[in-house]
Structures are given as C-alpha cells and as structure tokens.
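The structure that follows is given in the form of structure tokens.
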Amino acid sequence: MVQNFTLFIPLLPFLAFAIIVLLTRNNNRLSALVAILSIVAALMLSYGVFLEALSEGAELAANPFYGAPIAWMPFGGMTINFGWYVDPIGAAMLFMVPTVCLMIFIYSTAYMRHNHVDEHGHPHAEDDPRYARFFAYISLFTAMMLLLVVSSNLLQFFIAWEVMGFCSYALIGFWSFRGRKEHHIDDAQVGRARGAAIKAFLTTRVGDILFMTGMILLLITLGSLDFNKMYDPAAMNNMLAGLAQPLPGVEWPVVIALLIFGGTIAKSAQFPLHIWLPDAMEGPTPVSALIHAATMVSAGIFLIIRAYPLLEFAQQTSGPAMQIVAFVGAFTALFAATIGLAQNDIKRVLAFSTISQLGYMLAALGIGAFVSGSFHLLTHAFFKALLFLGAGAVIHSIGTNDMFKMGGLIRKMPITGITFFVGAFALMGIFPLSGFWSKDEILLDAMREGFYPHAGMSQDLFLQIIYLMLAIAAFLTALYTGRQLFLTFLGKPRDQAAYDHAHESPVAMWAPLAVLATFTVFLGFWNTPFAPAFFHFVGEGGFMGLPPFEHSEFDPIALTNMLVSTGIALSGFAVAWGLYGFRPIQAGQPDPLARLGFVWKILVNKYWLDELYGYKINLDGTAQPGLLIRLVGAFMRLCAWFDRNVVDGLVNLAGWLSRILARLWGWVDTHIVDGLVNATASVTGEIAEWWRTMQTGNVQNYALMAMVGAMAIAILFLLRSFT
Amino acid sequence: MIPYLSLITFIPLLGAIIILFLPNDKAIKQFAIAWSIIPLVLATVAWATLSSWAPPYNFVYNACGVTIDSASAGYTFGECAPWISTLGIQYHLGADGLSMPLIWLTTLLTTLGLFYSAKVIQNRVKEFFALFLLLEVGMLGVFVSLDLFLFYVFWEIGLVPMYFLIGIWGHDTDRPQYAAIKFFMYTLAGSVFMLLGIIALYLYSSPNTFDMTLLAANQANMPFSKDVLISSLAFLGFFLAFSIKMPLFPFHTWLPDAHTAAPTAGSVILAGILLKLGGYGFFRILLPIFPQVSQQWAFWIGVLAVISIVYGALVAMAQTDFKRLVAYSSVNHMGFVILGFAAAAALTAEQMQNPHYINNGASAINGAVLAMFSHGVITGGLFFLVGMLYERTHTRELALFGGFGSQIPVYGALLLLTSFASLGLPGLAGFVGEFMVMNGAYSTLTLLAFIAVWGIVFTAAYFLWKIIQKILLGNVSEQWAKLPDLKGYEILTLAPLAVLMFAIGLFPNWILDTINTASIAILEYMKRM
Amino acid sequence: MDVSTIIAQLLFFLVAALTLTAAFLTVLARNVFHAALALVGTFFGVAAIYLMLEAEFLAIVQILIYIGAIAVLILFAVMLTRGLMQHDQISFNHQWAWVALVVGTLFLGMFILILQVPWLQSGAAVTADTVPSLGQQLMTTYLLPFEVVSVLLLATLVGAFIIARE
Amino acid sequence: MDILSFILNPFVSLYNLIRDALTALLLSFGIASDVVAIIVFLVMGLIVVTAILILAPVLMMYTTLLERKVVARMQDRIGPNRVGKFGLLQPIADMIKFLTKEDIVPEGVDRVSHLLAPIVSVIPVVLSFAVLSFGVGMGAVDLNLGLLFLMAMGSMATIAVFMAGFGSHNKFALIGGMRAAAQIISYEIPQIFAVAIPVMLAGSISLNRVIEQQSGLFGLGWFFFYVPVGPIAFFVYLLAATAEINRVPFDLPEAESELVAGYHTEYSGMKFGLFYLAEFLNMFIISAIAASIFFGGWQGPFVQQVPALGIVYFFGKTFLLIIIQLWFRGSLPRIRVDQLMNFGWKRLVPVMIGTILFTAVLLWFYRGVLDYLKGLGG
Amino acid sequence: MITQIPLVYYLALAAALFCIGSFGALSRRNAIAVLMGIELMLNAVNINLVAFWRYGAADPLVDQAGIVFALFVITLAAAEAAIGLALIIAIYRSRDTVNVEEINLLKW
C-alpha cells in the first residue's frame, strides 16, 4: 500500500531543503548530494504510487487514492483537512515531475559550475557562490510541485502553488545580487534578473489573487475545497442556491471558474499576463527548464485539469466558461508563436514556444479534449525540458544567448545537437515523436468536433476558428523552431571566437539530455490513435464525477488529420529552410524576416504590451515601467503626500491647540515629611550577656542535648498515653 | 488551582521592583532576561492546559458569581476577588482562546526584546529594563482582565512605560520626544472616550456592573442595548479608543512616528503587542457586547479597513526609510484584522441561523486573531531586523543599501523569510490569517473583500520592491564592504520567531484550535442580539 | 513455616546483618575513607531491603543517588580534606561515652516499644507496576511538595556553588 | 516447532526448547510442578547468566581488536596481524598475557581498596548486561525500570575509580581518580537528561517499551528521527556517555602526559585486565543503550517476520556507534579540565533542559502526530 | 517474599540503623564522618517509610505516600550532603581542620 505514503513524496525534497539550509549550506557537493538523494527517494516512492495506480487501471478514476488525515484549518464547526489525492492524471504527473526534476538536478550539478579565466590566463571551473542555495531552492520547488500534484484540496494546492511562485521569484532573481568576488555575472545581468524576478512574482500574484478569490468563493458556495467534494455533481448543484448573484444575469459558477482560470492565466503565462515568462529567462537555465517550461507553468494547466468539472458545470449552467478558456488558449498559442518568430535569444524563443504550447493545452481543455490536453502536458514537459537543457548546454559552452552569434554548433557538440534536434522535431510535431502524437490528438479533436459534427449537431463555427488558429500556430511553431535550428546548430559559425571556444558538455549535462530525448521519442506511443492506452487509463473511468470520455475509432478523419498536421509541420520547416537554411546567414547579415517591415517591428517589440501595462527590462539592465505602473506610482506618491500633510497635519494642529491651552495650567508643590525614630535597647544586650554561656559552640553537644530532649518528650508523651 | 493569570501578570511587576535593587548593569540584564522567562513558561503551561481540554469542554466556568456553561464561552483560569465593592468593581481575570495566544505572544516578545536589548542598550540600563517589565504588566493585564474597569486601568498602565521607552531611548534624529508625546496624547485621547463608554455601560446596565462576561451574556436584556443612542455613543467611545490603538485609517499617524523613534525592542513590542490591544478590544468588547451596533456600522468599518489596507500599502510603498516602511506595513496588515471584525459583525440575524454563515463568521474571527498573532511574530521580527541593520550601518535610508544578500547572507535569508511571511506567502505565518479573513469577508462583504484583496498585490509590491530589492539585491558598494553578518545572539533572537512563522504557516491547527473555541463563543453571544 | 518462608527470612537476616555490619564499620572505622566505603555497603544493603519491600524504583534511586552521588561527594570531601586525619588520632570526641549511653537507651527503648505493638503481618498485594502511578501522584497530589523540593534543589545548587567557591 | 521458525528465531527457539525439555524431564521424575517451576527458573537463569558471562569477555576482547584495527587504519597502519589471520587470535594472546603476568602490589597501598577496586569496576557493567535487549524477546530481564537501572549502574563506576585512586597510594592515581569522579558525576546529568527525551517520547522508562515504541515506519521510526529533539538528545548523550566512561577526548583521568595512567597506574596483570575489561564493556554498554533508545535497538525492516534479523540490527548499530567512538579516539585531541567542566555544565546541561522543555511542549501539542507516526507502517 | 517477613523485622532493623547512625553523628570528630552518620539515620527513616507503605497502605498502588516521602527524604539528603560537604570544605580551607570539636567559634 504505497499510496498511504503519498505525502512523503513532497516531504522528502522538503527535508532536503531544510537540511541544506540549516546544515550543509557551506558544502556544495554535500548539498547537491542531499538534494539528488532526496529526489531519487521521492522518485522511487512516486514511481511506486504510479505503478500502484497503473495496476488499478481505469478503476482508479472512480476510486482515486485519497486520504485527508491532517486537520489543518478549523473554523466554526468546519475543518479543512489536508491529505493526498491521486487520480489517473495525478499519477501520470507523479511519473513526469520527479523524472524531469531528477534530470534537471543532475544537469545542474554541472551547469552551476562556471568556467572563468583567472588573471594568469588559466581556465578554471568553480562552483557558483550560491551553489548550495540553488539546490535548496530547487529542492523546495520540487517539493512544492509534488505537493501540488498530490494535494487533496484546493487550499493545499494553492499553498504549493504560491510557494512555487516564491521559488520561481528566488530563482529568476538568483543572479540579481552579487558580492565583490563574483565574476560570472555582470551588472547588466544583475539589473535584468532583479527586474525579472519582481515582474514574475507580481504578475503571477495578480493571477493568484484572482485564483484565491475564486477559491474562497468556491469555499463559500460549495462549503468545501476538497477535490472529492468538487467532483461530486450533487454538491456542485448546491452552489447555485447559495449567495445572491454577483451581477444581474451572471451566476456564481462561471464567475468562480473564470477567477480560478485567472490563476492559470498568470501562472501559465497566457495572454494578457504572459509578459513575465520571457523575462524569467534571466534565471539559470536549469531553472528555466524546470520551472518555466516543464513543471511550474504546467501547474496552471494542472489547475484547469483539477477544476475541469467546475468549468463543465459552469458551462452547462451559467456561462461560456469553457469557450473563454479555449479562446484564450488558442489566441495565446497563435499570439506567442508570432512573437517567437522575432526573437534572437535562444531561450526566449523557447519561452515563447512554451507560452504557445501551454495555450495549446488550454485550447484542448477548453474544447473538451480533456485527455489530449493532459497528454500534451506530459509530452511537452519532457521535450521542452530537453530543449531548455540543450539550449543551456549551448549557452554554457559558448557563453552567449544570441543565436546570431552561433551557427554550425552540431559539429562541436554532437550529442547536444542531436538531442536538441529530437526535441525540436517533437515540438514541431514530426512523426513519430511524442509531440506529434499529442499535438495531433488535439488538432484531431478540434477538427472532428468542428468540421465533422456528430449526428444531430451542426458544424460549430467556434471550433472551426479554434482549429484554424491552432493550425496556424502549428505552422508558425515549425517555422520558428526551424529558424532556431538553422541559426544555432546548422549553417556556418558567425562568431569564430565563440565557435572555437565551444565544446561538448560534461557527462552530467549530456546524460540527462539523452534520457529526456529517449522519453521524447518513446512517450508518444502511450497514446496513439490506434492504441490509446493513456486514454483508457485516464478518460474511461467516470473520471471526476463526469461521464466517461469516449475515444473514437481510428478512422479516415484521424488519418486525414495526421496527414494535414504533418504537412503543416513540414511546410513550416520548409519555409524555415528556405529562409535560413538554403543560404546560411552570414555574420552581420540582418534577419531575412526583417523585410516584413512594420509587422516585424511589432513582433520584435512584443506588441508593446510591456510598455502598456508591464515592465520593460532592457538588455543593459535598466528598466522602464509601463503606463499602468507609472499611474500606480503617481497615485502612491499622492497618497503619501496626503498622509503626511493632510492626515498628520490635522493631528498636529490638534496638538498645537492643546499646547496653547496647557500654558494656562500651573503646578503643585509636594511636601516631604521628615522624621526618623531611633530606638535602642540596651536591656536586650544585658539579657543576652547572661544567656550566652550556655553556648558551648560544639555542634555535637547541641545535637546530643536535642536528642535527649526529644527522648524526654517522647517518654512524657508515652507516659501520658499510658495513664 | 494555580492562579496562572495573576502569576503571569504580576511576576514581571515583581521583577521590575527587584531590578530597582540590583547593583550593576550586567546583573540587571541577566536577571531581567531570566525573570521574563518565568511568565513565558507559565503562559506556555497555561496554553497547553487550555488546549488539552479539547472541546467540547467538560467544565463550567464559574467565577465572580458568573456561571457560564460550556456551550457559550471558553473562559478558563477564572480568578475573582472584590476590589472596589461599592461600585461592584472586581478583580476578575480569565482567559480563553482569544486572549491566550496573545498572552503567550506578549511573554515571548518581551523575553526576546529583553534578550536583544541586553546587548544593545547601554545607557540607563536599570530604568530601561524595569520599564520594559512594567510594560509587560500593562499589556498582559489588558489581555487577562474581564472587568471593564480593570481593563481600563491596565490599558493606561501600558502607556506610561512606552512613553518613556520612546522618549528616552529613541534615536535623537527621529524627534523621540515629539513622537512620544504624540503617541501618549493620541492614545490617551482615545482612552478617555473609552472611559466614557465604560461609564455609560455601567450606568445603563442592570444590575449595574463592569463585568464583561455579564454584559456580554445578558446584553440583550440590558437597558443600553434597548437605547440606540446610548449604545451607539458607547460603541463610538470604545471604537475610537481601539481604532486609534490599532491603528485604523485615519487615526494612524502616530504610528510611523512612534515606531520610528522607539528603540528596537520598543518598536517590536509596539508593533507586536500594543497594536493588538486594540484588536483584542474589538473582539472582546465590541463584538459580544454591541452586536447590533456592530452590525449597523459593519459596512462602514469595513470601508475604513479596506482603505487602511490599500492606502497603507500605497503609503508604505512611498517611504524611503526602512523603519517607517515597516511601520506603515502595520497599518496595512491591521486593516485585515479590522476587516475580519467587520466581516463577522456584518452577519445579520437571519444569517446567524445558517450554520454556513456562522462558520464563515468564525473564519473571519479566527483569521483576524491569527492575523494579529502572526503580525506580532512577523513584524516583531522585521523590527528586530531593522534594528540589527541600523546597529551596523547607522542609517535606515533604503537608497543607500544594496547587495546585502551576498554580503550578509544569514541576515538576507532571515529578511527574505520574514518579508515573505509578511506579504502572505502560503506556508508561512501571514497567509493563514489573511486567507481566513478573506473567507469571512467574502461571505458577508463581498465587494469590499474584492477591493481589499488587491491590497495583497500592493503589499507584495512594496516588500519586493522596497525591502528585498533595495536591501538584498544588486551590487555591494565599497561603503559596506566590511559589514559583518548576524552574530549568535541576534540569530538566537530571531530563531524563535522564524520557527513560529513556519509552525503557523505549515500547521496552523495547533493555534487555530484554541482560537476557534473563542470564536464560536463570540458568535454565540452575537446570536443573542 | 514452609521452605520459602525460611529462605525469605534467611535472606532478610543475611541482608540485615550485612547492612548493620557495614553500618557499624561506617561508624567505627578509624580511616574515614574506609568508613565511606562501608557507607556504600550500607546503602547497598538498604537498597536490597527496598527490593524486598517491592519498592524497586526506590531501590534503583537509592543506588543512583546515594551511591552514585552522595557517596561520591563524601569520598570527594574525604580526599579534599585528606592528610589531616592521621591514623593514630582518636576518632571519637570526648562525649562519646555519653552518646553511647543515650543511644543504647534509645535503641533499647525503641526495641521494647516496637515489640509491644501488634503490627500488621503482611500488606496488600501489589497488583501492577507502581512507577506510573507514583509519577502520576507526584504530579498531582504531591505537586506542591514536589515543586518545593525542586526549588530547594536549585537553592542547594546555587548555595553549594557559592559556598565552595574560592 | 517447525524448522522455519527455528531458523527465523534461533536463540529464543533454542531457549524455549531447552526449557520445555527440562520441564518435561523433571515432571517425568514425578517432582511436584511448583518445585519444577522453581528449578527450571533457576536452571534457565543459570544458563542465561552463563551465556552473558561468556558473551561479555568475548565482546570485550574483540572490541579491543576492533579498536586497534580501526585506529591503526586511521593512522595509516595495519594494526595487529601476526597472531592468527588478520590478528584474530591477538585478543586471546593478550588475555593469556594478562593472566600470566606478575600481580604487583606496591608498598603502602590501602590493601582493601586496592584489591576490591578492579572487581567493583566490573560488577556494575556486567549487571548492565542483564537488562539489555539483544533481539526480539532476547533480554535476560524485562525490568520495568530498565533505563533507570542502567543509569544507576553507570553511576556506580565512580566508586571503583575512587577506590583505585585512593588505594594506590600514588599522587597520579589520586588525581586521576578525582578527575574521573568529578567528570563522571558532572556528565551524568546531561546523560540522564538525554535519556529522558526518548523516555518522554516513548512514555515509558522500560528499555523494552522504548524499543517497541520505535516500530513505526517499517521499523525505522527511531527516536533519532524525531527532529529536532531526537538528534540533539542523541548527540548530547553520545558526548556525555563518552565522558562518563572516560574515553577520548574526555580521557583526562588517564592523560598519560600528565598522570602516567591515572587511577590504574599501580595496577598490573589481571587486575589491570579487569579495568580494561570494564572500560571496553562500558563502551559496549553505552553504545548499546544509544542504539536501543535512539536507533530502535533491534527494530528494523522485516524484523517482525524474521526475528533473527533483530540480533543483526542490534549488534550492527551498536558496533557502528562503537566505531564512532573509536573515530573520536583516532581523530580528536584531549581537552582541558576546565574546558571539560565548562562544556558539561554551561553547554550540555542548559541545552538539555531546553530540549526537555521543548519536548514537553511538543508532546502537549503534537501528541496526535506522534501517535500517527508511531503507528505508520508498523 | 512480603508475606513471609513480619513488619517488626524491618522496624527493628531501622531502629538499629538509626541508633548506629546517631552514634556516629554525635560522637565522631571528623565532620565528614558526622555527615555519614546523618546519612545512616536518614536511611533508617526511609526504611520505616517504605515498610509502612508496604504494610500499611490499603492499596499500595493508589496510596504511595511512603514512597513519595522517601523520595523527598532522599532528595533532601542529597541537598544536605552537597551543602554540608561544601561547608566542610570551605571550613577546611579557612581553618585547616575538619575536627568538629575545633570548630566552635560560636561559643560564648
């Protein structure tokens, strides 16, 4: 019964965090070892839970592993209990999260050693000054991600979610301060990291506020935050009866669902709160891989997965919640993909592709393709972690992020290059990598629902639009990914010095790449249209109180879709080849796409959203707050002026007035009474003179007398009692 | 039955007297620290005893002729003796889940404050330590007394030592005399209104009494509750006193001056405990004794609370002085406490019949009390941290700092922890209270709650932008190249607070269990309106 | 009288004889160090008596405190004041004969008195482990004396430290 | 009795086998059953005592070998390797040497003390063996005051030290004896405090109950893991107990640079051998206590199914702790007397008082959590 | 065991021990020996307390006054030994003697 130990899965990395912070923080190797050992232990335990879950099969969906033994927050007659909740998708996450985390931990042991050249010209590799702290943070992060996955109610989920936000903040800002001996970062980096960290935390905080509001309203209307209760249709129906309507014509469920979706928008970097994620690339690359690609941002998707019944319920009873989710997702997928085209930073391209892919997942969930969306979440985590780690290896090796200073690197870094290609093709959706299968399923669902309706339903324009947006996004994805490949690994080196400096990474860095690449290649076969094992596991058990999903047979529509999506991907890649591969870009040559003119300028400036309501961080470390923030700042200064001059001024006025009054008062003297009585008693001395001769000064003498006396008293007592 | 509360309250007084006779500074310091541990231990034992009587209580509170059964109140440790019998004034002490955590916090922060001051305070040592212990008497007295007159006496006792602490040991650059007088006069003005309120309650109660438990238990039948004017005026008197002490916008301006001027330990106590006297009064007196008036004014009090939250955060953001910023953060955080009060008070009579609303009301009260407790812990810690930095750099100007995260990493870590606890990161102390308050507030004051919740974003903003970024991040300038990290005694001062932040954040049940009993009791009183 | 009674009484007499012999040695030995060693023997004998009385806890406490602490303290004191008491010095003071007389009388009187009283022959059976209930009682019924004794010990600690300080 | 359970639990099974056989034999002679019970009790007692009396010296002999080997490895030497393979017969050779050496009694000694001291030093140690629990159901006596008894036995060592110091008529011996005594009684206090923590956690002072309470988490619910009180108590216990038995770095009473050999300067032959025996058995005893109360004694995974594993666990943990003490010896310099006393009274005692208070508070608030942990997987 | 030995035995033993102890306390010249005598007396008292507990208590489990008192006596004995010996050592330091007869500064 491994499931009873589920809560120990997050506990282990948390213990590692505590141990590193309290005990081993001064020993880099030991700290890394503690972190890795803890994650290995957690991995083993969670694989245990995962296997136990697999052995339950589809049964698990109806009867998930559940227990809530820890009383956490009592109020009135109610108590919110904490515990664990593992359903099929949770089990799958328990497989994915520790695996990716372990790979990233191992990778980090090497990545956080920096090469630098000392004053004598000798190259050195030395640990980052905050090496141990790095492992502490990512251990805490992993603990919280695992806690989030296993949590049994929304509050517990929220706590893990927020602490992850903190970890993200700390890790983005990992290089935001430096001591006098730290050479590996410069002032511009410090400035950028500082701005990016705050930007990330505050932007997601906005979403968290919405999420928290939604959660509290859910608690108030539903009376519980337990997932068990949330997935109980009878309990959900009571929600409609509770509070009064918030606005005329709007019911609570849709409000709550959209507020919770607000959390996802911020955490998963969806339009319009996506602005923090590209800047978050200032953190060390393993962090980007871990937090800003594979796990934390997908926590937002996981939230929508957890809240899926609520969304459905809201959609059915009170408003278009699902459609909004789908539209935001699809729009973001397209929107981010366009920006991704115009980025030169190797990590930022990946960042925008992350935003775009998360949009994909949301679109899938929004159109009801629950299983496909979930599956894309899993596969995306693997190949995106792979891509980030590969990009990190490149950066670590040649010391720049700028793709225009790279080129031809596959000759210098074959393993990194090949694995990167695997990841990139998976991202594009090239047969038969995992990305193909998962993305294809999403498109298939949209296509099937949109263009080939069931009997009795008309063609759905909304779904057609979604499908088109996703298809265009897929094309753009292939385009910018191809652009990245051609600029980085193929073609000619554009910066010869950097190229000469480049070298294959140490084994601790390429081994995780290889493992992740293996998963990227094979994971897709878990859910192919012919043999949808994942679908059977997740979707067919009357999941979350919903009716079971039905998987369509492999039919011509599916085949068509496979061909179409392959065609889209290949055509995107072909365009990229035409622009960047056919005639490799030379050093100093502008980007061929710059010919787009004004459109290109829009894309490079990311639609000027940072200038509107965000916080624009420049390459040199300076930053300009956006319009909205300037307004808040002005209001803040107004408040401070008001406080100092008006509110406090009134108080001081009152004080001044009373001081005038106080001048009218006098003061009173006090008398001190003198008098001392002395009394001496010489008589006492006389008496003492007479008595003192009895004192022999020998203590044993006294004791003997005392004893005799005691015996005498005893005898007297005895005599009296005898008479 | 051991008279825990009398012992806890008066042992510091005895200590203050003994200090007057001690010969040298070292002895005074060691004695004061050791002595202050006694009430801490007693309070711990008392709390443990209280929490070991898990609800439902199997006892009946019986003191001062008041018999309260287990259903309606959680008072324990009752002590009673006639004091001024012609007026029916009694020496009536008692504690419940509302006061017990605050009592414990008072004793803890006093010990820590003394411990820290022993290293820092070098002039007029005897007076400082004696006054500090006297201050503890005043604060503890407020928390334990169940007689309004006694309450008032202790309330005023606490003022005097604080006045001297600010005036004598304040930093000369911060106009300590001005701040001390402002603090004293402002608070005194408020408490005069409270005295009027107390007298009004006495005159308009039948039988005439100062006993809080009687007033609360029988308020529905008391003459004052039938007379809207009298009860509103009395309510206003109490409200003014408490909201000045809290402080609630717009009565908060004494606070930044007093906090900034006070010596470190004084600021800690001021923020950690003295502010809580007001909050305590809200829940101990206003809610049970004036449920109707509270209900009528709940929305407007909620408005003030929301202004405190948002406005306090914005003004804090505009500060350039580290200590003033932390001081304004108290305004911001205390707003949540009052919002919790308003949320609970806003429950209407028919909502009282619905257990669902009762639970959310209890959530608001629990949250407010826990927010007070954790604010004491966190802001206490923050003021310690301010003081420690000031001891090193002799400036509090935020613009002069930077890069300390790598220069003094232990300080950095503790500041990071405390700041995040303060801005309400889940898993640390601040969040639980805020969450529960918001839970209560959303159920009765939905709109206000939705505005208040944005205060959390601003709170995060000023902590991240003003404190963490300005102090910890960036490059270390040459000026601070030799800045030493925290010493052992400083870490020892902060360690209990850090542990508490985690203990509350990770497992709040142990403290909420205690508070919840009191919340249920208060709601039970309110039901009788 | 059955066999087990005889064994038990023999055992008692053996222990009692040992205890008393050691006690005599304690009082009579010229060398204080030997006296102290004999004292340890006495303590052992008393511990054995406790065991016979089914007071195991007390027996262990007797060993822990009397032998482990008090006897050691005494030995310490003997060593620290060593060199003064020569072996040929008289070990009794001038009033020892009087003392012998008084003490002898006392013993005779007590012995006769003890024999006069019809004492109980046996006590109730001990049904369970006495230690938990002993602890319980120390924390409830005897809390005040317990605390007083604690304070006394603290005072002793401080007092001994201050007195013995040079 | 089937063969499987015999294999799984050999010692207890053997014990039961002999007992049953003896009972049956005596009953077949027609002896009254109550008399039989007494005889069997005595005989079995005799067997157990004999076993312990054989076990103790053997343990001591091979602990000396272990010490010499381990310290040698730490100093980059090989250690004894001549007598027997890996020097395995070295202890036996040493024992023969001890027994055949001349027994010198210097002039002017206090004969009684001098003669009795080595014997008195061994008695409490051997008595301590009576209450140890070597495996599942493998304790000679299940004393309900086991831990207190062990502490009492530990404190008796002082008397022997005093006797040796005083009886030897030698200044070095006397100073060594006094140092030892002062050290022992000072460090007894933190030691007992440290033992109190597991006692509080377990709610019992019986060694067996304390061990049983650590059965949670598949036999890994050791009190050492009850952070932070468990580790604090363990480390304090380890320090205090090491001081209590005068081992490095607290071996001031035997500081050869100052005191020749301390209180056993004047001893030779088997009398010295007895002191040696006592020292090493003491080391075993304190390690066994530490293993029992902090590391679950014979608790470990699968010990419920295969009780014989308990013996392995117990001796494994005990010898690991012994090796830690040897490691101390191999790596730490001796400390000064004033440092020793200051450390004991001004550091360990306050720390332990604080820990005890903290544990008490913890138990008040988190009793339920502790019970949950103890029950997990056990 | 308990059933076979009458209470008188214990009382007689205790009386004898008490008398021996008091002889020591009252007649030895060495202050330490005096203390030893006192310890013997306290032990005798303890034997009585425990014996009466064992024989007299209606339920030895419930009513453990004898044991408790014996414990307190032991505690007091420890305190007494500590203070007493400290005093003796202090006197020894200042007056170079531990002979009780010579320590009679407090005579008239």
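Per-chain numbering from 1; labels A, B, C, D and E assigned in written order.
Note that in this section a residue touches a chain if its C-beta (ideal position, glycine included) is under 8 Å from a C-beta of that chain, and two chains touch if they have at least 3 such contacts.
Owing to the predicted nature of the structure, the values given are computational and were not obtained by experimental measurement.
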Greatest separation from chain E - chain, by CA centre: A
Chain pair showing more contacts of the two, A-B and C-E: C-E
Distance between the centres, which are taken as Cα means, of chain E and chain C, whole angstrom: 6
Whole-Å gap between the CA centroids of chain C and chain D: 28
Approximate Å spacing (C-alpha centroids) for the pair chain A, chain C: 70
Cα-centroid distance, chain B relative to chain E, in whole angstrom: 55
Chain C residues counted as touching two or more neighbouring chains: 57, 61, 69, 73, 76, 93, 95, 99, 102, 106
Contacts with 2+ other chains: residues of chain D: none
For chain E, residues contacting two or more additional chains: 22, 26-27, 100-101
Chain A residues touching chain C - in the complex, by the definition given at the top: 700-701, 704, 707-708, 711, 715, 718
Of all residues in chain B, those that touch chain A in their complex: 181-182, 185-186, 249-250, 252-254, 311, 314-315, 317-319, 355-356, 358-363, 366-367, 402-407, 413, 416, 420, 425-427, 431-432, 435-436, 438-439, 442-443, 446, 449-450, 453-454, 456-457, 460-461, 464-465, 469, 472-476, 481, 507-509, 512-513, 516, 519-520, 523
Of all residues in chain A, those that touch chain E in their complex: 692-700, 703-704, 707
Touching residues (chain side chain D, partner chain B) in the complex: 357, 361, 364-366
Chain D to chain C touching residues, read off their complex: 110, 112-113, 143-145, 148-149, 151-156, 158-159, 162-163, 165-166, 174, 177-178, 181-182, 184-185, 188, 205
